[in-house]
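Here the chain labels run A, B, C and D in written order, and each chain numbers its own residues starting at 1.
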Amino acid sequence: MTSAKNYEFINSVLPQWLETSRLQTVHGSTAAYIPELAKAPQEALGIHIMCGNGEHVSAGDCGHVFTLQSISKVFTLILALMDHGEEAIFAKVGMEPTGDDFNSMLKLELVRPGIPFNPFINAGAITISSLIVGDGPEEKSARILEFFRRLAGSDTLDYNMDVYHSESETGHRNRSLAYFLLDNGVLGGSSVEDVLEVYFRHCAIEVTCADLARMGLILAFDGKDPLTGDTLIPRRYVQIAKTFMITCGMYNASGEFAIQAGLPAKSGVSGGILTLVPGQYGIGVVGPALNSKGNSIAGVHLLERLSQELDWSIF
Amino acid sequence: MTSAKNYEFINSVLPQWLETSRLQTVHGSTAAYIPELAKAPQEALGIHIMCGNGEHVSAGDCGHVFTLQSISKVFTLILALMDHGEEAIFAKVGMEPTGDDFNSMLKLELVRPGIPFNPFINAGAITISSLIVGDGPEEKSARILEFFRRLAGSDTLDYNMDVYHSESETGHRNRSLAYFLLDNGVLGGSSVEDVLEVYFRHCAIEVTCADLARMGLILAFDGKDPLTGDTLIPRRYVQIAKTFMITCGMYNASGEFAIQAGLPAKSGVSGGILTLVPGQYGIGVVGPALNSKGNSIAGVHLLERLSQELDWSIF
Amino acid sequence: MTSAKNYEFINSVLPQWLETSRLQTVHGSTAAYIPELAKAPQEALGIHIMCGNGEHVSAGDCGHVFTLQSISKVFTLILALMDHGEEAIFAKVGMEPTGDDFNSMLKLELVRPGIPFNPFINAGAITISSLIVGDGPEEKSARILEFFRRLAGSDTLDYNMDVYHSESETGHRNRSLAYFLLDNGVLGGSSVEDVLEVYFRHCAIEVTCADLARMGLILAFDGKDPLTGDTLIPRRYVQIAKTFMITCGMYNASGEFAIQAGLPAKSGVSGGILTLVPGQYGIGVVGPALNSKGNSIAGVHLLERLSQELDWSIF
Amino acid sequence: MTSAKNYEFINSVLPQWLETSRLQTVHGSTAAYIPELAKAPQEALGIHIMCGNGEHVSAGDCGHVFTLQSISKVFTLILALMDHGEEAIFAKVGMEPTGDDFNSMLKLELVRPGIPFNPFINAGAITISSLIVGDGPEEKSARILEFFRRLAGSDTLDYNMDVYHSESETGHRNRSLAYFLLDNGVLGGSSVEDVLEVYFRHCAIEVTCADLARMGLILAFDGKDPLTGDTLIPRRYVQIAKTFMITCGMYNASGEFAIQAGLPAKSGVSGGILTLVPGQYGIGVVGPALNSKGNSIAGVHLLERLSQELDWSIF
């Protein structure tokens, strides 16, 4: 099937497939640990698929606004790579999936050297936040927000300050991780609270499925925005990001998503998933009801079906 | 660069690049735990690259004969999938990378249900061995050998019985794993010694780089032998195998190899690496000196250079 | 209160206290993993307290016959110490409590050198079984049975062969532990099956509360049988055993029993507990309903009350 | 040997035995993680043994002044028990030894409920610090200091503020532990920095061997000061403290010390050890060179010899 035919086919089946996947939401539950996230509508499900020519198809609750949460880790990693290059980043963060929960501290204690195994577990993403260039947390955060706005092609992308404050006040497990990293010498000269301010802020940037799809489109076209022709990210850093999205992007269900969907993807506890079909589509999904691994239960269901029916797997 | 031009280029640079990578062997050491493996030449390095039209280029110690060891796990997984289908296999073995050593038992004890995280760690591969159809270990082993011979296009592929006996006599950590699996109800009705006989046997099948390249070529062409036109493996099972080769193929350095080379690959402690460039090449490498993660130190060096210079990464 | 007064007091209150503790049995359950153990009466509770002058008081289901299970570990440790001395034993088994489950393998993998942390976890007790002097499992087992008979003052102490066969056939987790130990070089020249035969046999020796009390009395009097005047165990080895009984005797509830009862004790999954009041009493208890840590729920309840009311704690 | 004869004997041999044990200091090293501790004299060794009648014998570097560090945990536990009673304390802190390093976080993550296993590992002692009654860290700290002064019979006991500031500035692993505890709901309403101020302060109280011996004497006489007749601690809380000193007092070498010396003891990374012979002696030892488990290498050597020669083991 050509890409154009694919597009037509998707357009025709998407609404119905989405409703089928929406039935999965009864088996999941919204993230309980932040009141702001717990309030999200349990049965919501939305998807937005954007082509290289700017056309798009969407279905379901695409108006739902949510925070990036862990999805932001893809782009802070890229910004840190653009700031420092590969060597400096991989001196502080490893490249291996862990098989453990995203906030686990086991391997920090058990495996020498005590650096985070990869940039997508919390310990790794906090380390990446400490590496963003900038004079203090405000400037670092401003650079991140500016970068995310450019990728999403939206000047209005901004923080949800309620979520930010909520996470900052209750994020003690992340503080625990950060002090462990500080003790292991991983955080450089930054203070824990400064690093966490940067971290909690980029997690609290608010988006829609369309924003995710637009950001994913940049990755699908190797860092070059197909709509403007601008190169926003060096291709090598897109390659690195996509690799991590396959090996570590869906928490400790990444291996299963790679087998079942075969697409680079990154999920967040808000129920968002950013994924892409290389050279074809950027895709944003949201479905706040999560499965036991912390991924949108209906979103995963819908993406696996799409990938299998349309033969999207990169493998 | 076209595939043909690539081929010429590879032909011209390979001997020199191989010698550069061979220098890495001083930093590695041969597998110590089996006398037969420890005897392998420390400084050996060979590579064989096979195209879809049957042409090939090779360099270095391609005459070196070695046992498949963990590389066999790719093909026993495929055979088990062909025997039982996905659902039955993934009821017994998971899909997630672990971040732990290949013979680790931590997650079997700590994570419910106590099934192996993936089919490439030892616990998973032993489970797969128990799932091969056949009446007793002889018949199972015969089916495996027959399948491997067909993939390698070689009727003479056979066991190195010295290595088999050596591993069978000293493989007590694998016995420990197998009894743990039996206790967790993962091994079905098979006895541990029967399962291990199958497992140790397929690990001890002897090959050259050319054999590996030939087997890799089948995977590079989605299960259809490009030289004969025969479909030897259903495409879906090749897809599954290639996905695991990216996420778990190089022990707990799989993530790094995915970032640095970006190719589906599987290594063994004999120093062998089987890899492939989808739609283009099957590749076999051998270099018995291993790095700290158990992969051929010079083989990894050479493959990463080739992939980076020739832009082979699938990402 | 003098010991004589204590004795009278115990005699008067014991039947009533036992009935009170028996009520706890509804909150426990018999060991499920061996059919023979699961068949034990859920609500049974018996106790036998023996003085240095041979008098005794008993209450409840003292006729209940049960297997020693882990209680045997106290006396195989002592026999191994008598066979080899401290230095040889502690080269193979450590002295530290673990905080982990009795059949855990975590520390064998994580902590160097990979020897068992103490002689009362399964890994340690299996190692001790391998160290008993004797030509093959039959002779080792015969020496153990003979030693246990001498301590219990009973020529008729013998195996429950049903339990032995049941454990031998299903004890795959112990086989897993034993092969791990073999791989770590801890088992010397013994084969796993030979070691496990010794281990399963001494676990399956059948006793009553009176037998336990008699064996405990020897420990209470520092190895010298107060009834015969015979020294059956060197005092130093009794000291070692009593120390382990405080730090590791009640699985990973040993710390709590030390705080609440303060007596050297060893429990088994058959619901037996052997304990002692130094210089005063040997005590045997049985109550097959176990709590979540694997100790007799009613037995622990009764012993804690006795110890608190009679001020038996050694601390 | 009577206590009086013991005393004479100790007096005669102590100087020579101390010099023999001092030779062990070459195999140890002072705590490296705090500059103030690292500066302590490597070869120092001192001991002070105090009798119930006020007589004492001492040898070696008894003038050496050092901070209590983990030794303080014995007495903050007792104060917290006096403040709240057993039930409230053991709702927040367990009773089990761990087998892990004193600053390990493994069991907090792996074992439900995520409360510290015992009050002597750092996680447990930090929890205990949070439970001391008082309006803010100053008042809590003042109550602790006042209690310690009363036990040591010294109005001049005070903080080493250099050590306090040094630990407070560099104690990020303890901050990590404290935030983990906060996240697990263990710290109640206290802020991490308030709790750590209390914790770091009592660790930095400065003593001599004579002070330790005086404090140990109170424990040796069940909470009643034998010199004044005043009851300073309820006997039950002394019993609890002594039990923990046996099972957890010497880090993850507690089991070994129980086997080899058999005395309730608590060590600190400053090289101090407080121990006691029930009904007879309070003992303070200092030797800053530590073994691999964090205990004074020469101090342990000397105490084991004394205990073995004088038959001090409580077992």
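The rule we apply is simple: a contact is a pair of C-beta atoms (placed from the backbone, for glycine too) under 8 Å apart; a residue touches a chain by one contact, two chains touch by 3 or more.
In UniProt terms the chains read A, B, C, D = Glutaminase.
These numbers come from a predicted model, not from an experiment.
A.B. asks: In terms of C-beta pairs in contact, which of B-C and C-D ranks higher?
C.D. replies: Of B-C and C-D, more C-beta pairs in contact link C-D.
A.B. asks: What whole-Å value do you get for the distance between subunit B (Glutaminase) and subunit C (Glutaminase) if each is reduced to the mean of its CA atoms?
C.D. replies: Measuring from centre to centre gives 48 Å for this pair.
A.B. asks: Roughly how many whole angstrom separate the Cα centroids of subunit C (Glutaminase) and subunit D (Glutaminase)?
C.D. replies: A distance of 32 Å separates the two centres.
A.B. asks: Of all the residues in subunit B (Glutaminase), which ones touch at least 2 other chains?
C.D. replies: In subunit B (Glutaminase), 110 touch at least two other chains.
A.B. asks: Hey, how would you classify the chain contact layout here, line, ring, star, complete or other?
C.D. replies: Ring.
A.B. asks: Given the complex with subunit C (Glutaminase), which residues does subunit B (Glutaminase) contribute to the contact?
C.D. replies: The contact residues of subunit B (Glutaminase) facing subunit C (Glutaminase) are 104-106, 109-110, 172-173, 175-180, 182-183, 192.
A.B. asks: Where on subunit B (Glutaminase) is subunit A (Glutaminase) touching in the complex?
C.D. replies: My answer: residues 94-100, 107, 111, 117-118, 239-240, 242-244, 246-248, 252-256, 258-259, 262, 264, 313-315.
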